[in-house]
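You will see chain A twice below: alongside chain B first, and alongside chain C after that.
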Partner chain A sequence: MGSLSTHEFLKSVRRRRRADSLFMVVVLSATLVSTLTLIVIFTTLSVESVAFFTHASILEFLTGTKWTVLFAEKHYGILPLLNATVLTSLIAIAVSAPAGIAAAIYLSEYAGPRFRNIAKPVIETLSGVPTVVYGYFALYLVTPNLLRVFWEGISIHNALAVGLMIGILTLPIVVAISDDALKAVPNDLRLAAYSLGSRKIDVVFRVVLPAALSGVVASIILAFARAMGETLIAAIAGGFRPVLSFDPGESMQTMTSYIAQVATGDAPHGTVEYQSLFAVGFLLLLITATLNFIGLRVIRRWEIKY
Partner chain B sequence: MSAEDLLEKIKVIIREEESVEGADVEKDAAIATEGLSVSYNGRLAVEGVNLKFRSNTITAIIGPSGCGKSTVLRSLNRMNDLVPGARVTGKVLFRGVDIYSKDVDPVFIRSRIGMVFQRPNPFPMSVFDNVAFGLRVNGFKLTKDEMKKRVQEALIKAALWDEVKDRLDAHAYSLSGGQQQRLCIARALAVEPEVLLLDEPTVSLDPISTSKIERLLVAIKHDYTIIIVTHNMQQAARVSDYTAVMMTDENLVGRVTEFGPTKEIFTSPKDQRTEAYISGRVS
Partner chain C sequence: MGDQILIRDQVDRRRSDLKRWLDRIVPVVLSVGVFFGVTVLAALVVDVVLEGSHRLSLNLITNYPSANPAEAGMRSAILGTIATVGLSAVICIPLSIASAIYLIEYAAGKRWAEVLRYNIANLAGVPSVVFGVVGLGFLVYGLGVGRSVLAGAFTLAILTLPYVTVTCVEAIKTVPEDLKFGAYALGATRFQVVRSIILPRALPMMLTGGILGISRAIGEAAPILVISGLLFIREDPTSLFDRFTVMPLQLFNWISRPQPAFRELSAAGIIVLLLILLALNSLVIYMRYRLYRRLEAT
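Our next item is the complex of A and B:
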């Protein structure tokens, strides 16, 4: 700097200040793009949904038990689709919550650092598997080779296989967030429990797990939200029958697979079939966004605690 | 298993041990170390510690930072087992039984030798549940009333009862730091240990809380054997009957340089370095 004249020095300062503000604009726009996308999605869904509700009342949409939008005689009750979505997601959580929490407990409280460093990336890879792979795995392997062994009458498209595979898909979410929550419990508390004559199992179940409970609950909520939004597994292995049934052995259509079916078909703009996509999508977005919101709130509360 | 059964069990172990060795264990030494050395990942931290902690007295372990005071303390209830890479050699005799011998269960030892840590670390649960914790994990079969009574006794001993008796259901984190530390003392006392280890228990507390804890320790010492690690020499002088001074040698290995009645240590230390430390010329 010493050899620069005052004029050159000021010029270089000005240039660097310009570069500074330019960079700010770049990162700001990146942020705005993602925020704007959400706003655009939300607006589009609302506008098209409003059009949909000129054909069907909100009451019928939310309480009707028949969804026959693609048929000649049209009924607009979302319950069959919503039921299939909730049923498959519950099956998924029945798999991923116990297995995921158990794995997180092992990783956080029992595993040595070497095993941990191998196991964590392996589990995280599970969520990197394209979901279409899980879909045909459910249809061509799980149902015929596994489920049919002890459930002969199970339909080739069924909610159980869908739920099981979504369970595997959401396992890493439960493991990762629960493991973080368990790891965040101060070691002081473990030592205090040991010093009182606790066995390891008491330390885990009476101290560490309760202290990490909100994080563990959050992991389940977020996994549930992810399960509800899963599309390809449901579309491939669940079938396209919009029936209201609680039998997981039956073929049934989830909200997402309905959208996939219609969107990949040729529903023309402006028709009620086309508009129904947005109404279903809007409701799905509303539910999953609420779940995500609650989940993240719960996580934040647990972070504040320590 | 009730407290009485536990006590009986350890008495039996001790009697058997004594009859086998015919050992003339110093009767009033509740706990003693013989040639105790501890290393972390192969690096020696303390070496050759021989200390006898007499029953119903308070022994202070003092010394500069990093001299291995806490390491010695953690060896006395096998908390060092939980430190990765820690290795303990030599003996720690609890009523004459080496707690490091193979057939001794460290979990049982910890239920007989309680511990209080530097930072107050109550569990994230109610005041009551904190104190009842040790009773529950140790499988005491108590009725609700007995449980309440034990919790109350422990809180009274820890000089906390008057402050919390109306809010036993309050979350432990709603207490002040000094109250939390006394809660941790109550939690340790509820299990009715014979020995209470305290690792710089007042280092994070204000003078008033510190004085409350010091007074309660003196008040309960007739029922326990208390060992307190502190780097506050005034504290050692105020509360302890015996004092052990630890120093590191040129290889940073901690050793006991002086051990005896507190009065003698503070008035006529034999070791030059001890004298320098006590008079404040070394920190």
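Our next item is the complex of A and C:
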């Protein structure tokens, strides 16, 4: 190898340094895209929501019980939509929390590694199925073949079928996060309990589960947030009737399916129908963001450090 | 005194019998939770196949949508999905890889990195329909992109960004520290370490994350519904500024029609969609297997 002159060597160092700092600028700007997106989300929703609230007062929006933005005589009370969203999400949690926690406990404490390695990806698949498929399932299978058997008067579009399907959709969230929490409980705790003569049932429900409780609670909160944002199932199987009702057998419109309805119809830019999309979207974002924040906090704060 | 001891003994034994019984029955009850999910998935697939398999034909893929269910197909929707999701992957995957590199190699340990990570976690929690609403306000009308393939692709790219970034971060973490330190000790710059140490080793795993992001984007209907509306399109998308529809939206359209023929058609369409997702996921499993073998070998 020929000798390298100092001059050439320094030049190569400088070149490498330049490439390095250029590269840093590139990767930094890529990272900033997500931050920028959050800013764009907030400003876009705020600007159009402000325009919306020139038509309706915030008080009416939050406390009104009639939502007739798409009709000639307009009322701007979000409560019917909010109620439907909360109702379907509660039904969803009533499915996914018990089934998910049971599955997580079984997989983490009872199942052998082979069963676990097969069952976990299969459950994971449930969240990979496009939601339009769950909508089809709710409308054509669950309501006519399952719900109608027990409940004759149930409407074709109903909140119950929507909630049940969203429950299936959110099941993997509960399983994954609860399972992580259970797995994180150190084995010493189990062994100590056994050495004191505990039966497995006591070890699982009196030692391991309480130790993992924060993660289990968080999994339910995060699943609830996910359930509130689900759109296609509600739009297909819930119907487009904005009514304030607590009867899960009735057709009712959630916040997300209202957005879907406006999107399928024609809402020209600048009209109050168009602006209402942003107000509803903003409220939905605020609620789900709060829930996610609480969920992540619960995981972090209550986490017992071993 | 003696009587009391006897009673305590009986109580203990009874409790112990109960526990023994519980110990047998509880795992069975809990496993129902596992089989519940699996059963629903199986029922779903069986129902769709029974309902739609006889409608599967090439027409479904090559024909345009039609008011006549006998000849309706989803050609424009399939091409729309390929264009939109393909473009979104081209945007999302490099962005995710770059973000992951910055987070791990440049900002690691700094408070700043925590802030950025927190932003990404927040982005992952935004409901997908809200991305659609923002895409409509910001891209379609704000920037004047129109209800186009471009607007849809950007929205899907941002939607999948947090998921793909997280897998890319995990991929970089699998690269042994020793190799990096060795390179740094020889005077390599960060760029050189990233290019010749990290990327060659982490890229396959990053790509599996990218494919999972793609399969998620294929199934997303809500944001595209808001951006594109529910359209009846009988043309192939040819430019980035064309209006478009995607497969889940075409299915939504068919499902919403009351005629039984459309119900069968939507079931057949669902089979096609699920087959595509199955193929993508099998690819991921195969890639992971290869990766695992390679890691075992070294």
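Methods note: the second predicted complex is superposed on the first by the 297 of 306 C-alpha atoms of A that agree within 3 Å, B and C clash if a C-alpha of one lies under 4 Å from a C-alpha of the other, contacts with A are read in each partner's own complex, and residues count from 1 in each chain.
Definition applied: a residue touches a chain if its C-beta (ideal position, glycine included) is under 8 Å from a C-beta of that chain, and two chains touch if they have at least 3 such contacts.
On a predicted model such as this, the values are computed, not experimentally measured, just so you know.
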item: Which of chain B and chain C A:Tyr76 touches, first, second, both or neither; value: neither
item: Chain B versus chain C as contact partner of A:Leu191, first or second or both or neither; value: first
item: Which of chain B and chain C A:Pro210 touches, first, second, both or neither; value: first
item: Which superposed partner A:Asp202 touches (first chain B, second chain C, both, neither); value: both
item: Contacts of A:Pro98 with chain B and chain C, given as first, second, both or neither; value: second
item: Dominant contact partner of chain A by residue count, chain C or chain B; value: C
item: Which of chain B and chain C A:Leu232 touches, first, second, both or neither; value: second
item: Which of chain B and chain C A:Ala119 touches, first, second, both or neither; value: second
item: Chain B and chain C footprints on chain A, overlapping residues; value: 199, 202
item: In the complex with chain C, residue positions of chain A that touch it; value: 16-17, 19-20, 23-24, 26-28, 30-31, 33-35, 37-38, 40-41, 44-45, 47-48, 98-107, 110-111, 119, 122-123, 125-126, 128-137, 139-141, 168, 171-172, 175, 199-202, 204, 225, 228-232, 235-236, 256, 259-260, 263-264, 266, 269, 277-278, 281, 284-285, 288-289, 292, 296
item: Residues of chain A that touch chain B when the two form their complex; value: 186, 188-199, 202, 206-207, 210-211, 305
item: Contact footprint of chain A on chain C as seen in their complex; value: 19-20, 22-23, 26-27, 29-34, 36-38, 40-41, 43-44, 47-48, 51, 94-95, 98-99, 101-103, 106-107, 116, 119-123, 125-134, 136-138, 141-142, 158, 161-162, 165, 189-192, 194, 215-216, 218-222, 225-226, 229-230, 248, 251-252, 255-256, 263, 266-267, 270, 273-274, 277, 281
item: Chain B residues within the chain A interface of the complex; value: 77, 79, 82, 107-108, 110-112, 114-115, 117, 119, 121-125, 133-134, 136-138, 184, 187-188, 191
